[in-house]
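Pasting in a structure now, in structure tokens, and then I'll have a few things to ask.
Naming follows writing order (A, B, C and D), and every chain is counted from residue 1.
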Amino acid sequence: MKKFAYFPGCSMDSTAVTYKASLEYVAGRIGLELKEIPDWNCCGSTAAHTKNEKLAYSLAARNIAIAEDTYPDLDIVTPCAACYSRLAYAKHAAEDEFTRQEIERIIKRPFKGKKEILNFLDVFSQEDVMQACKENMVRDLSGLKIACYYGCLMSRPRKITKAEDIENPMQMDKIIELTGATAVEWDFKTECCGASHQVDAPRQSRPLIERIFRNAKANGAQAIVTACPLCNMNLDMREKEINEMFSKKYDIPVFQFTEILAIGMGAGAKTSGIHQHFWPAFDLINGVLRANFGKAGK
Amino acid sequence: MEKILNRKEGKLLAERIAREADVKLHECYQCGKCSAGCPMADAMDLMPRQIVHLMQLGDMTEVMKSKSIWLCASCHTCVERCPHSIDIPTLMEKSRMEAQRRGICAVRDVRLFNDIFMETVRGFGKSQEVILEGAYNVTSGHFFQDMKNVPKMLQKEIVRPELNQVNAVNEVRDIMKECEKGGANR
Amino acid sequence: MARIGVFICHCGTNIAATVDVEAVAAAAREFPNVAFATTYKYMCSEPGQAMIKESIEDYNLDRIVIASCSPRMHELTFRKMLKGTKINPYMLEIANIREQCAWVHTDRAKATEKAIDHVKMAVAKVGKDKPLTTSTIPITKRALVIGGGIAGIQAALDIADAGFDVTIVEKEPSIGGHMVMLDKTFPTMDCSACISTPKMVDAGAHPNITLKTSCEVEKVEGYVGNFEVTIKEKAKYVNHDLCTGCGLCQTKCPTKVPSEFNQGIGTRPAIYIPFAQAVPSKPVIDPTCCLKLTKDKCGICEKVCPLQAINYKDETKYTTEKYGAIVVATGYELVDWAKMYPEYGGGKYADVITGLQFERLVNASGPTEGHIVRPSDGKEPKDVVIVKCVGSRDQNKGKSYCSRACCMYSAKHAHQILDKIPGSNVYIFYMDVRTPGKGYEEFYDNTRADGAQYIRGRVSKIFKEGDKLICKGEDTLLGKQVTVEADMVILATAMEPAANIADVAGKLGISIDSDRWVTEAHPKLRPVETQTGGVFLCGTCQGPKDIPDTVAQAGAAAAKVMALLNHDEMETSPMISSVDQTKCSGCGYCVEVCPYKAISLIQVPGRDGNRKVTKTVADVNSGLCQGCGCCAATCRTGCIDLKGYTNEQILKEVDALCQ
Amino acid sequence: MSVKTNENWEPKILAFCCNWCTYTGADLAGLNRMKYPENVRVIRVPCSSRVNPQFILRAFQKGCDGVLVCGCHPGDCHYATGNYFTRRRFMLMQRLLEYNGIDPKRFQAKWISGSEAAKFRDTVTKVSAEIKALGPNTKFAEPHFTEGGDK
């Protein structure tokens, strides 16, 4: 149906297995063709731009340059919020002709920087993609209350992301509601989860995760859904630790939005990836599906 | 220590950083909305607002000595809510680069993590979460951090032992070399 | 042969220090037609003027050039001086050798050379000056006030008391504006309604005042002293001549929509009197929600009305009337904070309210009868947060200006909460506390004594957890993040001009600034006048202000109107366009470019050889023409010229310079 | 006729300034004691739209080296719309002059408000320097001879 140049990012090949599996499943179902950018490299993430501005632009720009060459007609899509941000920054930097030429000199490739950079929320909230998802729904997740967590980098800074609403975005809410699930109104959609500092400044950044769980719970969410490998891992992997650290009893599984879509489209636990979570997620989904099973016929 | 305001050794540096970040320092009237919404503020020794104020005073020494510039998560909450759209993350970032050039670093671990991250990229062209975490734990001395999760990761096939590498890894190395020319971090 | 006198001013040392005035005088004596040239210490002083007058007599001068300060400074002074001589006041040119010469240059030789050039150009121009006489136009002794808030009411009362007819045009069904919504007024804590409703009644009953509610200005034509204004009266669907205001209809109406007067807290019916003390106290039907008018159902009000005053077929009416002066008092609205601040919930929390909503909550005649309760659940709030500068002092999200009244009304709100709810806590997040007014600082002191906790910092986020609204701020004096778990939040929301101000300003030909506030003619010396003659302003249409300032300004505007209407006729500037109709080809280009619609095409008898014909020519209305000269530069045959700045005069200046 | 290459040569520049904005701005520059080159002479007009293209042609004809037309910013005209006409009129004018071999730098239209004294100073300084660099205008000028011939 639609084709994109695809920049997976480093996490997609390692920790984000569930995202990868569910994305591939959903893309297959709705006919989304993702053409991986050949021999892509790390976008530099947070580390590069804290050290060296030119390096940050250039690492990201190499990938865009390859895509420009290989898939001249396709927009670039990336599953990771950090990659999205870095690629979009590089595109923004290229608006300045002097910087663009400097980047070309460094990466030794032609670099126009005109391609659209999209994240998967952008793609899935396109009307025809949404329609295709809707048509492929076979299960009903009614009753499941979800807090959609967008994180920082897909919203901010606005000059890079061109996001409509940076405090209360609605793209993901609309997408997951295709499954019948309810997106709850909550206030930490775009608050930082501190992922970039969880390794090097854990003591200072763990409370950020706790605040997100707290607000999600206070607003009645049973699950949190993300659209980024880093956000997802940060919340999912550390939920247990947070409970111990802050003496809390959060029981809020953390999904990728593609997992929820995959389940709605009929994927099993393995295919959707929900058996691979750190914090157990199977029971919640199973419970919802069982409760809805009787109603399905009507 | 008493601060003598009319000695403005860091004034030029502060002004240059502000210019590069496209910030008009005088616009800040210290409302504190940045710091109020900053997720990392609790861990910072100087509030983001105070960083801007020190730059207004031209006191870059104190800015570069602070932990705050290393703890900024670049989440951009401050700049979006600021009444004058003051780009604090970029001020922080540029101050951090200046501090690095002078060998000042108040939060060693952050710098270490960034260095290791970039070295794995230099080595493979892609970041390697396993090597990254391992190397960081060894060099930082936080040996067991996040280690509880490793067995589970392997068991659930979340992390596979094989490494990802860019074929044209030399190309990436060249880019890094080129960018590091003429002063490591400019 | 012209006999020109040239008078060069030293202006103390202001000019003489940089310009060799004697050399200028010597040079001037050599210019053609100059009969006399001299210098003097201060030309504008009384002895200076006397010296000029004597010289006119002694040397039989018929026109003069004065080389001195800017003509913007003393042109009028010297014209007045000439009134007492044999020379026409317009036979005068000023050479600006102070502001645009002595003060901006340091090289004495070059400055002197420039001063000589300036005098040369003025001499060249004055040679072609012609005597001009002012004409007069009659003045319509009636005033129109646009806006029926406290500013408009006060201005109308003052003008009416002076004996002139006044019409108030108000777009809402009642006059009263925002002041009548308020509960108490700072710093005296007078009951706002108690002091404003008598004024509303006075305005309604005044023999010289006509109220036109539910009306808007549709079109304005004419000029100072002679405006012709078309007023659009929206359909009320109730015949106010028959209606006695018994109010039966509104008790029976089944429709309920949010009440504008109560700021959305509480409802009103579709046929409604906006509030109890409304003037006129007669209902109107809101056609956007009335069942009869939208769906042709219901019709209950018509059935219950004992006087058959309901008329569903009522239509918009237009009337045109003449006025001599117009007062703009269109007031303010609150900014739409919900659109600007998603981080404060963007309007999704019922208990995050504006200051004006709080006024209705705390008002004894409001929807809660003065009980301060949360709009969401009717519970009494114990911990209240007030956030200042919402929408103001915020270039990024709102307006850059200070909204001026918020510091005081926030202090008032804090005082009221602490007074009415025992054991309550009020936290006020502020950046600066601005209290420049009589008794204002003392009021702020008292509010702190009442127990209001002032915290210096802007709130970054307001979100809900459970029953509480969590407000996150920084106490910038501590340098620490602080959080208040509040029951209710009041946002001190900024004022902005009325939504349709650009439209009104366009019709009146007055200017508005980038924030849409109406621009006064001079910020210090002409604060209630606009650039357009006969149009005055008062109140918050000019900028945020509190009630005392508004009322004072209304009085000032009224005084200006009275001064104008007190004359039977007025002088007009003679420096306007005139058409040489013998040369005019009637192309009409001038008609199109004139910003004042002062030029029209008329038919005049003319001659084509021996034949008598009628020909079309341009004609200038001297009352409308403001003397911009655009037509003169547009005219293809050169038949329109601007008196005082004729083509010939300016070309002479150009030639003089280039000699 | 030889082109004057005297280093002390000062251009003759004529500025038409509208009474309400630029003339006021120029007065303000004086009030603030700002300094700018002496070679600009101001003619006061009620509105920049009063300036007839004929005036400009005459100035160039008579050997003026540069002409400046200044008025209120578009949208801020004291006479509501006058400066829009100025803008259109002089965009054409500049192209016409260019077509006739007059460097467009010799004829410029600028918007300077009554409060922009510094802008007036900067504009005059810049235009003066530009025209000085261009040298004397000889295009339409009627040849005029200086005392003792021009060598």
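Everything that follows uses one rule, which is that contacts are C-beta pairs under 8 Å (C-beta built on N, C-alpha and C of every residue); 3 or more make two chains touch, one makes a residue touch a chain.
What you are looking at is a predicted structure, and each value in this text was computed from that prediction instead of being measured.
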item: Contact-richer chain pair [C-D vs A-C]; value: C-D
item: Gap in Å, rounded to a whole number, between the CA centres of chain D and chain C; value: 35
item: Whole-Å separation of chain centres (CA-atom averages), chain A against chain C; value: 52
item: Cα-centroid distance, chain A relative to chain D, in whole angstrom; value: 60
item: Residue list for chain B, restricted to those that touch at least two other chains; value: 42, 77
item: Sites on chain C at which at least two other chains make contact; value: 343, 461
item: Interface hub residues of chain A, defined as touching at least two other chains; value: 166
item: Chain-to-chain touches, reported pairwise for every pair that qualifies; value: A-B, A-C, B-C, C-D
item: Contact set on chain C toward chain A in their complex; value: 342-343, 345-346, 348, 461, 463-466
item: Chain C contact footprint on chain A (complex, rising order); value: 165-168, 185, 187-188, 214-215, 218-219
item: Interfacial residue positions of chain B with respect to chain C in the complex; value: 27, 29-38, 41-42, 46-47, 49-50, 77, 81-85
item: Chain A partner contacts - residues on chain B that touch it in the complex; value: 39-40, 42-43, 70-71, 73-77, 79-80, 87, 89, 93, 96-97, 100, 107, 109-110, 112-115, 117-118, 121, 125-130, 132-133, 136, 140, 145-146, 148-149, 152-153, 156-160, 164, 166-168, 171-172, 174-176, 178-180, 184-186
item: Chain A to chain B touching residues, read off their complex; value: 10-11, 13-15, 17, 39-42, 44-55, 58-59, 62, 106-108, 152-153, 156-158, 166, 190-192, 194, 196-197, 199-205, 207-208, 211, 237, 241, 275-276, 278
